[in-house]
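In this document, chain identifiers A, B, C, D, E and F correspond to the written order of the chains, with residue numbering beginning at 1 in each.
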Amino acid sequence: MNATITLKRLEIVIDEEKLEELINILNDVGVRGYTFIKQAGGLGSRGTRRPDDIFFEQTNAMFILACEEKQAERLVTALRPRLKEFGGMCLISDCEWVIGPAASY
Amino acid sequence: MNATITLKRLEIVIDEEKLEELINILNDVGVRGYTFIKQAGGLGSRGTRRPDDIFFEQTNAMFILACEEKQAERLVTALRPRLKEFGGMCLISDCEWVIGPAASY
Amino acid sequence: MNATITLKRLEIVIDEEKLEELINILNDVGVRGYTFIKQAGGLGSRGTRRPDDIFFEQTNAMFILACEEKQAERLVTALRPRLKEFGGMCLISDCEWVIGPAASY
Amino acid sequence: MATIQPVVIFFILGVLAGVLKSDLKIPEALYKSLSIFLLIAIGFKGGVSMAKYEITEVLPIALSMVVLAALVPLTAYPILKKLGKFSQADSGAIAAHYGSVSAVTFAVGIAFLDGIKETSEGYMVLIMALMEIPALVTGTVLARRGAGGETQWGKLMHEILTGTSIFLMVGGVIVGYYAGIVKLVSPLDKMFMDLFMGVLALFLLEMGLLASARLSAIRAKGPFLLGFGILFPLTAGFFGAFLGAIFQLSLGGTMMLAVLYASCSYIAAPAAMRIAVPEADPAVSIGASLGVTFPFNIFIGVPIYFEMAKFFKAMF
Amino acid sequence: MATIQPVVIFFILGVLAGVLKSDLKIPEALYKSLSIFLLIAIGFKGGVSMAKYEITEVLPIALSMVVLAALVPLTAYPILKKLGKFSQADSGAIAAHYGSVSAVTFAVGIAFLDGIKETSEGYMVLIMALMEIPALVTGTVLARRGAGGETQWGKLMHEILTGTSIFLMVGGVIVGYYAGIVKLVSPLDKMFMDLFMGVLALFLLEMGLLASARLSAIRAKGPFLLGFGILFPLTAGFFGAFLGAIFQLSLGGTMMLAVLYASCSYIAAPAAMRIAVPEADPAVSIGASLGVTFPFNIFIGVPIYFEMAKFFKAMF
Amino acid sequence: MATIQPVVIFFILGVLAGVLKSDLKIPEALYKSLSIFLLIAIGFKGGVSMAKYEITEVLPIALSMVVLAALVPLTAYPILKKLGKFSQADSGAIAAHYGSVSAVTFAVGIAFLDGIKETSEGYMVLIMALMEIPALVTGTVLARRGAGGETQWGKLMHEILTGTSIFLMVGGVIVGYYAGIVKLVSPLDKMFMDLFMGVLALFLLEMGLLASARLSAIRAKGPFLLGFGILFPLTAGFFGAFLGAIFQLSLGGTMMLAVLYASCSYIAAPAAMRIAVPEADPAVSIGASLGVTFPFNIFIGVPIYFEMAKFFKAMF
C-alpha cells in the first residue's frame, strides 16, 4: 500500500462525564484530529456501565486518534498522571494514514 | 513509548440481540474489561443492517477489548463454536496498554 | 493464535452526510463486509463536530472494515480521489480474522 | 362525495418534504412514541364503546369476520404468483401483508366517521387485532408450501401475539373497557381521545416521508404493483362491505370492516415475514403497501368504502 | 373499598409485556420526556392550589412534617441491619430509599383522589420535594458512620438540591403559584392538568416494564424484602396518616401524607446513593422499591392509606 | 404595564438549571419534537384565522412588509462593522440573524395577546415565513461582497425554502386554512391550539438551558453585543410598529409586526449562514441572538412593542 504515512493510533475509553476534560488535555497537547463516540457501555475495574440503564446513566466515551509518534508520546506524558483518576483505558497501536484528506494528525 | 504492556486487542461485531449472550461468554471466560457500542450498522453475509430503518430494527453491537494473549486464546476457544451462529466478525490485533488506569485487562 | 486469516483493517471517518456516497463506493469495489457507527464527534482540519450541538448537527460516521490486502488496495485506489472532498481520515492496519462466522471479507 | 379530512394533508406534506429533499426529520423516538400512543388510543376508544355491548353477543360475529379474513391472502396469492410473476416466497409474503391490516388506515377511517358524526362498533378494534393471525399464518403457509427448511412457527406466533401492535391495541381495549364499566373514562380521554387526531396528523407526516423514500423500491414491478395496490384493496373492501351488511353491522361498522379488509400492513407484517419467510424481499411488499395502497386508501379508498357500505346497507 | 383506577392497569400491562417477552419498548427519550412532564405537572398543580393559601401560615406545619420524615429511615435502618442482615452500607442506602418519596406513587394518589372527587393541600408537593433532604442525609449518615473514606457531602447536597426531581417539582410549584396569583392558569392547565392522567398511564406502562426486569435482582434476599417491602410502607403510612390527622390536614391531605411516608424512591435516591454510598448495591434497593413496594402501593396501599386517613380523621 | 406571562418563567428555570449545574437535560428528541409541534401549531393557528380573510386582499400588504424587512439587516450591518468592529463576514452573518425572525418569540407574542384577549391577523405567520428570504439573502450579499470564493446560492435558497422552519410553518398554514374553509378545525385544535402554551413552556425551559450555555461565547465582544442586542431590536420593533399602524393592521397585528422586526433567528439563520458564509463565527451570532436578544424580547420587549403599537395606532 503506497502513499501512506506511518502514525500511531490511540484508543482511549473514559467516563462520558470526563469528555470535556479529555478534550481540554488533547487541545493543550496540540492534537490536530480525533474522533469520539459517546454512549458506549463496558466493563472495567469499577464494574459494568450500561447505556440503557435508566436508573444509572453511566456511559463511556471512546476516543480514537491518529497522530505522529512524537505527538503520541507528548500526549501519553500529559495523560498518564490523569489516567488513574479517569479510569478506563488507553491503547496504542500502529497504523497507516492514507494520504488524501487534509493532514489533520 | 515506555511504560506500556503488550496486549491483544479483540474487535467483535455481532447482532445487538445477542449482546447479553456475548457478555455471558466474556464473563464465563473471566474477561476483566471490555467496551461496547450499540446501534452499529453494517454489511455482511446476511445483507445490510441499518440502525435508521424504521421497519426493521436490525442493528449490530461492536465490542472492543484488550487482554493478555493467554486470555485472548481462551476467549477465542470459547467463542469460536458460537461464531457460526452469531455471524458477524472477530478480529485480533496487537496493541500497547498505557500503564496508569486500574489494570482491567 | 491459530485458525485465523491475516487481513487489512480499514478505519474511515467521514461526514455522516456522505454515508450513502461512501457505501456506494464500497459496493462498487465489491467489499463484502463493513460496520459503521453514526453520531460520532471529532476534531479535524475543518474544526470540531459535536453530535450534541443542537444548532449545528454536524456528525461523523466511522467505518471499520476487514478485507484482503488486494481488496484494500482496490478500495484505497477508488477512495483516494474522493478523500480530499470527503475530508476525515482513512487508516489502515493489520489484523487477524478469527475463522468461524461466514467469511464476509 | 365527502370532503377530504384535513389530517390526511399531513401525509402529502410528508411526501413533499421527501420529494423536495427538505431537511425535515421526525426523530425516531417521536415516531415510536406516536405509534405507541395511536395503538393504545385506538384500543382504548374501542374498549370504551365495547363496554356498552354484551361481549358474548358479539363474539361469534367478530370471530366469523376474523376467520373469513383468511380469504384475502388466499385470493391475493394466485394473482401475485400468476399475473405478477413473483416467486412463491414473495407472493406469500405480499399476500400476508394485504391480508393483514393497517392501524393507521383504520385510524383515518375512524377520523372520517368522526368528521361526518358517524360511529362504528367498538369491537372492530378487536377484529383488527385478531385479523393479523389468519392473515399472517395463511401467508406463511402459502409462501413455504413444499419449501425446504423448517418454518419457525413458535417464533412466528410469539412475534404476532406479543408484537407491539397487537399487545398495545388489546391492552388499550382492556383499559378502555374497564374504564367504561367503572365509569372512569374521563381523565384518560383527555389524552387518548381528544389528542387522537393531532397525533394522527404528526404520524401521517412521517408516513409521507417514509412512503416517498419507499416508492423507488418497487420500480422493477412498478406497473403491476400500482394496479394491484389499487384494484386489490377495492375488491377486498367491496367484499368487506358486503360482509358487514350481511352481519347487520351499523353503517359506520360496515365501512370499517371494508377498511379492514382493504387495508394492508407495513409494520407488523414485515416484522413477522422476516421471521417466517426470510427469503422474501421486504422492500417490495413495504413499497407496495406503504407507497401505493396506503395513500390510495386514505385519500380515495375510505370515501369509496363508505359509499360501498351505504350501497350494501340499503340492499340488505 | 374504592375501585381500582383504570390508569394503574397500565402498570400490569407493562409487567405483562416484560414477562411475555413482548418486543414492546418505550423509547428512552419518551420515558425521560414523560418524567419531565410529570414532575412539572405535579409541581404546577400543587402551586396553583397553594396560591389559595397564605404561605406563612402553612410553612411551620409543612416543615415539621418534613423533619419528622427523618424518623422513617431511622426506623428502617435497624430492621434492615438486624433482621435483614444487610451490610451497614446497604442498610443505610435502602433506608434512604424508603425515607425518600416516589413522585409517581404521589401522582397515583392524586389520581385516586381525583377519581373520588377529593382534593388535598397544594403544599403537599413542597413537602414531597423537601422530604428528600432529611431522608437522604439520614440514610447517608447511617450508612457511613465510622466507615473509612470521606463522604462527599458537597456533591451529595448538590445532587439532591439541583437533581432533576426536586428542581422540576419546585419549578412547577413556582410557575403554578404565580399563574394562580395572576389568574393565568388557563392555557397552561390544558397541558399540565388535563393530560396528567394520560401521561401517567404511559409512564406506568414503562414502570411495569422496568419493574419486571428488576424483580430478579432481589432473589437472594427475596422473602425478607417481600415482607419488608409491604409491611414497612404500611407502618410508615399509618404513621403518616396519624400525623396528618394531628396536623389537621384535610381528608385528602391526610391520605397524601400517608402516601408520602409510605412511598419510596427509585429515581432520585439511587442517583444520590451512588454518590454518597458507592459501596452499596443499587440493584437490591431498586429491586425492592420498584419491584415490591411501588406496585403494592399503587394497587393496594393507596386505598388502604385512604381508609387509614378516614380512621384518624374520625378520631381527632 | 401588562403582567409577565407565566410561560416565560420556564425560560428562567432553564437558565437557572444551567447556572446551578443541575443534571436536568431535555432529550434531544423531545426538543426536536417540541419544535416540530410549535412550527406546525403556529402555522395552523395562522391558517385557520386566514380562512376568514380574502387572500388576494392581504397579499400586497403582506408582500410589502416582507420586502421592507430587508431594511433590518441593511441597517444592522454598518453598525456591526463600524461600531462593533466585526469582520465583513461576521457583520453580514449577524445582520442576517437580526433580519430573520424567531418563531418562539413570535409564539410568546401570540401568548401575550391571548393573555389579554387580543388577536392578530392570521397572515402574520406567512409574513414571518417569507421574511426569512430577504433577511438571509441580504445578509449573505453583505457578507460576501467582493469576497473570494463563490457563494452557494442554489444550496442556500434550497436550505431556506425547504428548511424545517419554513416548510412546517407553511404546511401548517395550508392545513389550517383548509380546515377553516371546510369547517373541520375541531379535532385538530385540541392538539395544535389547546396545547400550544404547554408545549411552549417546555420549549422555553430548553431555550433557557441553551441560552445559559451560549452566553459565554460572546464574552470578548460582550459589552457591545449586550448594547446592540437590546437597542437594535427596540429600534427595529419601533419601525415595525410604525409600519403596522401605517398598513392599518389591528392593534394585535401591529404589535406582532413589531415583534417580527425586533426578533432574531437562532435556528434557521445559523443553518443558512453555515452554508452561505462559512467563514463567519456562529458562536457570536447565536450567543447574541439567543443569549441577549431573545430573553430581552420575551420578558421586556414584547410588552414594550405592545405599548409602541398602542402609540402608533392612536397616531394614525
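One rule holds for everything that comes next: a contact is a pair of C-beta atoms (placed from the backbone, for glycine too) under 8 Å apart; a residue touches a chain by one contact, two chains touch by 3 or more.
None of the values given here were measured: they were computed from a predicted structure.
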item: Other chains in touch with both subunit B and subunit E; value: A, D
item: CA centroid of subunit C to CA centroid of subunit E, Å; value: 49
item: Rounded Å distance, subunit A centre to subunit F centre (Cα mean); value: 40
item: Subunit F residues counted as touching two or more neighbouring chains; value: 27-29, 33, 195, 271
item: Junction residues of subunit A - those touching two or more other chains; value: 37, 52, 93
item: Chains grouped in pairs wherever the two touch, ordered by label; value: A-B, A-C, A-E, B-C, B-D, C-F, D-E, D-F, E-F
item: Subunit C-facing residues of subunit A, complex; value: 1, 3-4, 7, 9, 23, 26, 31-38, 64, 66, 93-105
item: For the subunit F and subunit D complex, residues of the former touching the latter; value: 27-29, 32-33, 36-37, 40, 158-159, 162-164, 167-168, 171, 174-175, 178-179, 182, 184-185, 187-188, 190-192, 195, 271
item: Residue ranges of subunit D in contact with subunit F within the complex; value: 3, 5-7, 9-10, 13, 16-17, 20-30, 33, 111, 114-115, 194-199, 201-202
item: Partner subunit E, residues of subunit A touching it in the complex; value: 52, 54-56
item: Touching residues (chain side subunit B, partner subunit C) in the complex; value: 8, 11, 13, 37, 39-46, 51-52, 60, 62, 69, 72-73, 76, 79-81, 83-84, 86-93
